[in-house]
Amino acid sequence: MGSSPNSKPKIVRGSAGYILEDVPHLTDYIPELPTYSNPLQDNPAYSVVKQYFVHIDDSVPQKIIANKDSPRGIHFRRAGPRQKVYFKSDEVQAAIVTCGGLCPGLNTVIRELVCGLYHMYGVKKVLGISGGYKGFYAHNTISLTPKTVNDIHKRGGTILGSSRGGHDTTKIVDSIQDRGINQVYIIGGDGTQRGAYRIFEEIRNRGLKVAVVGIPKTIDNDIPVIDKSFGFDTAVEEAQRAINAAHVEAESVENGIGVVKLMGRYSGFIAMYATLANRDVDCCLIPETPFFLEGPGGLFEYTERRLKENGHMVIVIAEGAGQELVTESIQSMHKQQDASGNKLLQDVGLWISHKLKDYFAKQKTMGITLKYIDPTYMIRAVPSNASDNVYCTLLAQSAVHGAMAGYTGFTSGLVHGRQAYIPFNRINEGQNTVVITDRMWARLLSSTNQPSFLIAKTAVEEKKKEEEEEDSFNL
Amino acid sequence: MGSSPNSKPKIVRGSAGYILEDVPHLTDYIPELPTYSNPLQDNPAYSVVKQYFVHIDDSVPQKIIANKDSPRGIHFRRAGPRQKVYFKSDEVQAAIVTCGGLCPGLNTVIRELVCGLYHMYGVKKVLGISGGYKGFYAHNTISLTPKTVNDIHKRGGTILGSSRGGHDTTKIVDSIQDRGINQVYIIGGDGTQRGAYRIFEEIRNRGLKVAVVGIPKTIDNDIPVIDKSFGFDTAVEEAQRAINAAHVEAESVENGIGVVKLMGRYSGFIAMYATLANRDVDCCLIPETPFFLEGPGGLFEYTERRLKENGHMVIVIAEGAGQELVTESIQSMHKQQDASGNKLLQDVGLWISHKLKDYFAKQKTMGITLKYIDPTYMIRAVPSNASDNVYCTLLAQSAVHGAMAGYTGFTSGLVHGRQAYIPFNRINEGQNTVVITDRMWARLLSSTNQPSFLIAKTAVEEKKKEEEEEDSFNL
Amino acid sequence: MGSSPNSKPKIVRGSAGYILEDVPHLTDYIPELPTYSNPLQDNPAYSVVKQYFVHIDDSVPQKIIANKDSPRGIHFRRAGPRQKVYFKSDEVQAAIVTCGGLCPGLNTVIRELVCGLYHMYGVKKVLGISGGYKGFYAHNTISLTPKTVNDIHKRGGTILGSSRGGHDTTKIVDSIQDRGINQVYIIGGDGTQRGAYRIFEEIRNRGLKVAVVGIPKTIDNDIPVIDKSFGFDTAVEEAQRAINAAHVEAESVENGIGVVKLMGRYSGFIAMYATLANRDVDCCLIPETPFFLEGPGGLFEYTERRLKENGHMVIVIAEGAGQELVTESIQSMHKQQDASGNKLLQDVGLWISHKLKDYFAKQKTMGITLKYIDPTYMIRAVPSNASDNVYCTLLAQSAVHGAMAGYTGFTSGLVHGRQAYIPFNRINEGQNTVVITDRMWARLLSSTNQPSFLIAKTAVEEKKKEEEEEDSFNL
Amino acid sequence: MGSSPNSKPKIVRGSAGYILEDVPHLTDYIPELPTYSNPLQDNPAYSVVKQYFVHIDDSVPQKIIANKDSPRGIHFRRAGPRQKVYFKSDEVQAAIVTCGGLCPGLNTVIRELVCGLYHMYGVKKVLGISGGYKGFYAHNTISLTPKTVNDIHKRGGTILGSSRGGHDTTKIVDSIQDRGINQVYIIGGDGTQRGAYRIFEEIRNRGLKVAVVGIPKTIDNDIPVIDKSFGFDTAVEEAQRAINAAHVEAESVENGIGVVKLMGRYSGFIAMYATLANRDVDCCLIPETPFFLEGPGGLFEYTERRLKENGHMVIVIAEGAGQELVTESIQSMHKQQDASGNKLLQDVGLWISHKLKDYFAKQKTMGITLKYIDPTYMIRAVPSNASDNVYCTLLAQSAVHGAMAGYTGFTSGLVHGRQAYIPFNRINEGQNTVVITDRMWARLLSSTNQPSFLIAKTAVEEKKKEEEEEDSFNL
């Protein structure tokens, strides 16, 4: 776990610096597979569509900002239906599994995989694996049809149930073989996707005709390459309620402070976008940017200043922010791991609330009233909004097109607004994070007026250094 | 009005087929303008940002799907702050106007123009022009500051007020000159943007140092080139309520039909996305796709079949759908024009509701209960959602960066997820429409199971033709 | 239909002017019915309840405002469980039917009847009659269990389906007899309740042991005696959206008028409460208060004045308001009746919108922009809110207790916050209406500042009369 | 603080056991006060109202359930305008203060006091006292007019700000005298209302012509006599979100438990009504009903059983539930008091979550996943819903009518749906609590199927006792 599998990437090169980072295909290791004409051709809904099939060479660039002389760079294979498919409709036995924490849109993805397989390709055998990875070998499955999934997109959560951990590559692939499953759709976070890669490798090693497709799920939006993860939009929308409540609470008392903890273990996207969308936030703290409490340029000083100016203050903090500070201040820190291997984070929202209360209690200059809101589970559990519903539909349909076309070991995702197939290794190579030297973060700083702790710190350190130097100079 | 002004586009060419469709610049017609260093450099919020300024040659491609040998194609200038600006902060006198119908996000754009000018560039003089174009010469203005616009993004509508028509190029430019306005931000639909172009041309003809910036507003999302227009996301979200209500009404009676009319004079984007997001819709009718009522493959036949199968039916119809049918059936049709020049459309929702009631009343095979919902004003008037709030912020800030950098006659818009400056002529060249021979529409057909009226019609006509041929052959 | 059945009311008298208007009981016409001890006694959930059973003589007063010498007046029998019941649990075959238009809470009432019968009394046989009254003899029924109704309260509409009309007393009672149904729960409006009374009478005439219970449903809240009808609270809440939208539309243009039509055929409760809750309404027109358009004190004058003062205006109009005006102005008025016998009302919202547009078009003093919103179906179709959910639960449980205790021909309803059993004739005796000489309406007038058309009219008439008199005097 | 002031209640007796618990009047201690005719008589909005003025002897009964021979019992004075008032409009200097925690509707009450005074009685001088009681002597006031309060009912919180404590009777009454205030409206919880009583007594002792009116505010609904407190409806509605989220989280994993803590220090009304409205709750724990964790009939056993049966479980717990258990298990318990004198309660939600996790961790029979949600601040801070808006309007107008009519030392509240004036001592005499031997609680038990811990405990104890007896018997 954690080590990225080391299969050789498939690279295609073209003119003007064009590079295609391709995804694996069943024929990479099973050379003589028969093909069939795509049944979509006979589907009345698609019959008016001209050029329905994606051109075999279409690709989507990873970077699109260009100038007149820049090279063309890395591209990904464009998603969509192909003229030839590698599975006959009645031959397909698909399986869907959801792993990890809740995220708005899980049920929509399930629904659209089932309906996409059924309505587009006439696939009638779809198994839902219950309770995450371990459902494969715990013999816990349900049959999924367009009828059983008809309304599920209007409910939060996942009808399949989910769990953390439980990944056992051998047992899972045994179960896939035993059940005759030949298309596996795995919806889950980064740990889950690394697991999906191992399943793909094991299947390839065994030479099985089984397409393995990953659909990355993370409410935190911390997946590399893709535009955004499904459920993120809904989460940012729902976070507004908590921020609004914190603002009302803070405004209604003298020196009121409202603290809202939002999701984001390693990246602050939800906190950043929720702050930008709301405009009542005075300080947004995220994992990517270090901050400090005491001294000039620190949070305490800023809070005190803001309360004097404005009478109240709203702080949004991502769950992964300031972890090194929390760790420092908790002496009896034991390295804890939850079942999926994520560091069990201390609750930074409670920690910072206590720190602020303590500070002002000691200062005695001003009495504060602090209200702490943790809306995490109320955000995760809502149904996906309209925008995420459409996005989930495209993700699921792209996944189905890819598997039918014989691609495997890939992820379906949006790249600059276009559906693409991305090799597992690119998705698993690390978290996507807010680039705090980028303009989006500058926009946020400009909107909150909060100090850039980075500069303050550097400034303080440099001042100290200067002072030391001066001191030494004085010698 | 309607004729696209014929200034020569600025075209730059590069390697591998690279084309840049550039936007005008004040120095195009005022050669010796002094420049100043961008005050953002001294803004603490931006001080950690590396490479904050957009590279002078950065551009965004119009088409990004590529294969290894495809030429690079058309690009637009990337939006963002430039190292040099052409206005001193205290020299700027900006003006903002909103024209046309309501759209979620208008207030957010106003807010962010004011705050962007103030916080990023230290511009303190911003005028709001009240009541649309005619406010310029009706001496109806209010002063806008960050304080006066602080909360307006949480309200629907526009605090400036709006109106249709009232465009008088000479009077407007006279007023701009008289008031010493040198940055004009014009938020409005296609008519408004054509007006903005004429203002730009008049200003150029007079040789004035005035930047004219258009921010395209259309809830219908029918603007070419850009990814989507602001407020569209909110509109699709809000439309769900109406569709859900229509579904409940239809389900609760025998042979219930729910008809929902959604916005979309010339393009069916709201109807299409709202349908895709919802899944309870059985038929979606948009301006881009012709349909017909009677005979095999027509709407009556489909409705009858659907009621027999399912007991109820939901129809979503865009306001501009089936206009030729409505026109035909209204004998006393007079060509009506509203003040902005848009054809006054007959209410297609009422029309189709009556047609369906009539049909089933005559048929006497089944009694139906039809409920018609027109949520238009309830959708237009809501505040923008979180996603649109962030989008409006980026649009407004990009507009401000462009004007400060001396660009003029341009529109700020999102292209493949990147902010770009687009010349007016590209925005005004026609409506963006749903391409019904594209896969998005096929997706919709597949999700609703509605007939493709196009094929049905062709099939019927061909059958008739065949029969005639056979007839003639039999002679 | 329409004529109230003339069975003799059951009246009990007591001290100090106490009167009890009692409800019928099965033993009124089947003297020798066996009784059983109430199975609730063995229900663990109820075992801690002291005095669980309602005292046999408990009653609720119709009027509670009293002074030290006032007589006690009319009372209704208190609802709740009785020590003795007249049905054995396994003997009961219950039936539930919903009739008429949609109303939030229908599904909650159905759910709680089923769950109340099952969990409180161990009744397992509950039939849902589909599609309204005609479902009885159209053999269209479904079996209802706690499991099948578990989630239905979170959906709008009625899972049983509904229809207007279809009442055929003989066929219905035949069907009740044939199916062995002995408890009938009839949820519907005033027409439906009159039908329920006829069913009760036919059943009594046939001497059947069948309890007939009415649960009055009207979103308009126009039922006499009871505090409010279920769904009313939800409707008032949901109406806020439409009024807010009308306000935003009106505010965003010069001389903007927003018109919102709300439900209320014969009574203006929804319009009045929605207006009082909102505060952005300038004029509220209801069926109970006549109004006029032209001349001093009329709507046109007020509208003109309000636009001059305030720049915009919001009008809320109940669907049944100003019917005599609409009728007058539509020459070709044919007396239309819908299937349930309700006058098919002309759309007063469209009518008044056209009248206002016409007036200002003719006046030429000010150009107006009018937006008309009809949210009716979007309000009716929402799920009930928390408050209505609790209310529906109490209504349903009271109904079940009453039927089990052998009462029949009664309605369950809230009187001054207490559940009571009310005889059909009191519910059917006429609409409850807003008393415009009461303080609630005065409150509204005070909040909108609208003219009291009543006085204006009288004043005008009196002035005319005075002038005539003066004229005659001058002779 | 805490001791109820012991002024003698004003009691009036009538026929048939009629008792009126009257409220004080300025003339009780200032005999020769002049009266004026009520200016409402000249208000056009009220001119159509017949019998507008409340009959001087009108009263509302405390208990309304009656039988034919029951005595009439206690009544309260009916609220509403009187023919004679004791203040001239331009003589009035009103003051409004809000104290304690947030509650939906505070701003609506403020708005309607200001608008009621202004529009009904022509009172133009209204002071807002900022930041709670201490604002009286901290010279922190703002002037309130219909214009400044126009939109505040659409925002949560209180525009006046609030605080706990700060009550100093002498300083407050000095300030009232110094400022010439003669009507004081005090909105706050039970501590605040006890403070209001002391202010009333001090004012009476000083013989001042100052009306003191209390408007009881408690989101918990724990005020005696009145039907419900304002904001309660909104709170129950908003609590649905949290319960729904807990349900989704619990359902989506194996053995998922969702725990929601709701407001309710001494009474479980919010928990009970939210549970009854929702239906997905398996266990509701409130302060009024003791419960226990271990052993037969305890929470652990029930939880285990429920998880086995159903796979998941939702627990709603009021913040004041199980305090004796929390106290026991926290050894280092120090008696803490917050500024208003409320016991600082340990967080029972966190406590029970840890207990459940510990139990199942030790048992090792089943792994559980528990999610804890505390929506308190997200509920308190929302704007009031339509129903509460209307209620707040009536409360505020009744308060104004009462003060103008010379009543003092009273509370305005709804009794059986009628506005009444209630003497302070009745409101302050203790908390209103859920009566767990009443049918409402039985309804809840029946809907959740949770054990009645009371019986279980008694049963266990009795069984133990029996066993002991048997043991002794066996000797």
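Per-chain numbering from 1; labels A, B, C and D assigned in written order.
Rule of thumb we're sticking to: a residue touches a chain if its C-beta (ideal position, glycine included) is under 8 Å from a C-beta of that chain, and two chains touch if they have at least 3 such contacts.
Not measured: the values here are computed from a predicted model.
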Can you tell me the least number of steps between chain B and chain D, where a step is a move to a chain it touches? 2
Please give the intersection of the contact partners of chain C with those of chain D. none
Greatest centre-to-centre gap (Cα means) from chain B is with chain D
Would you mind pulling out the distance in Å between where the CA atoms of chain B average out and where those of chain C do? 43
Could you give the separation in Å between the centres of chain A and chain B, each centre being the mean of its C-alpha atoms? 30
Distance in whole angstrom between the CA centres of chain A and chain C is 49
Two or more other chains in contact with one residue: find those residues in chain A. none
Should the pattern of chain-chain touching be classed as line, ring, star, complete or other? ring
Sort out for me which residues of chain C touch chain D in the complex. 12-16, 18, 20, 43-52, 55, 57-61, 64-69, 72, 75, 78, 80-81, 111, 115, 119-120, 150, 153, 227, 233, 236-237, 239-240, 273-274, 276-279, 385-387, 389-390, 393-394, 397, 416-418, 436-439, 441-443, 445-447, 449, 451-452, 454-455
Would you pull the chain B residues touching chain C in the complex into a rising list? 102, 131, 155-158, 161-163, 241-242, 244-246, 248-249, 251-254, 258, 371-375, 377-378, 380-382
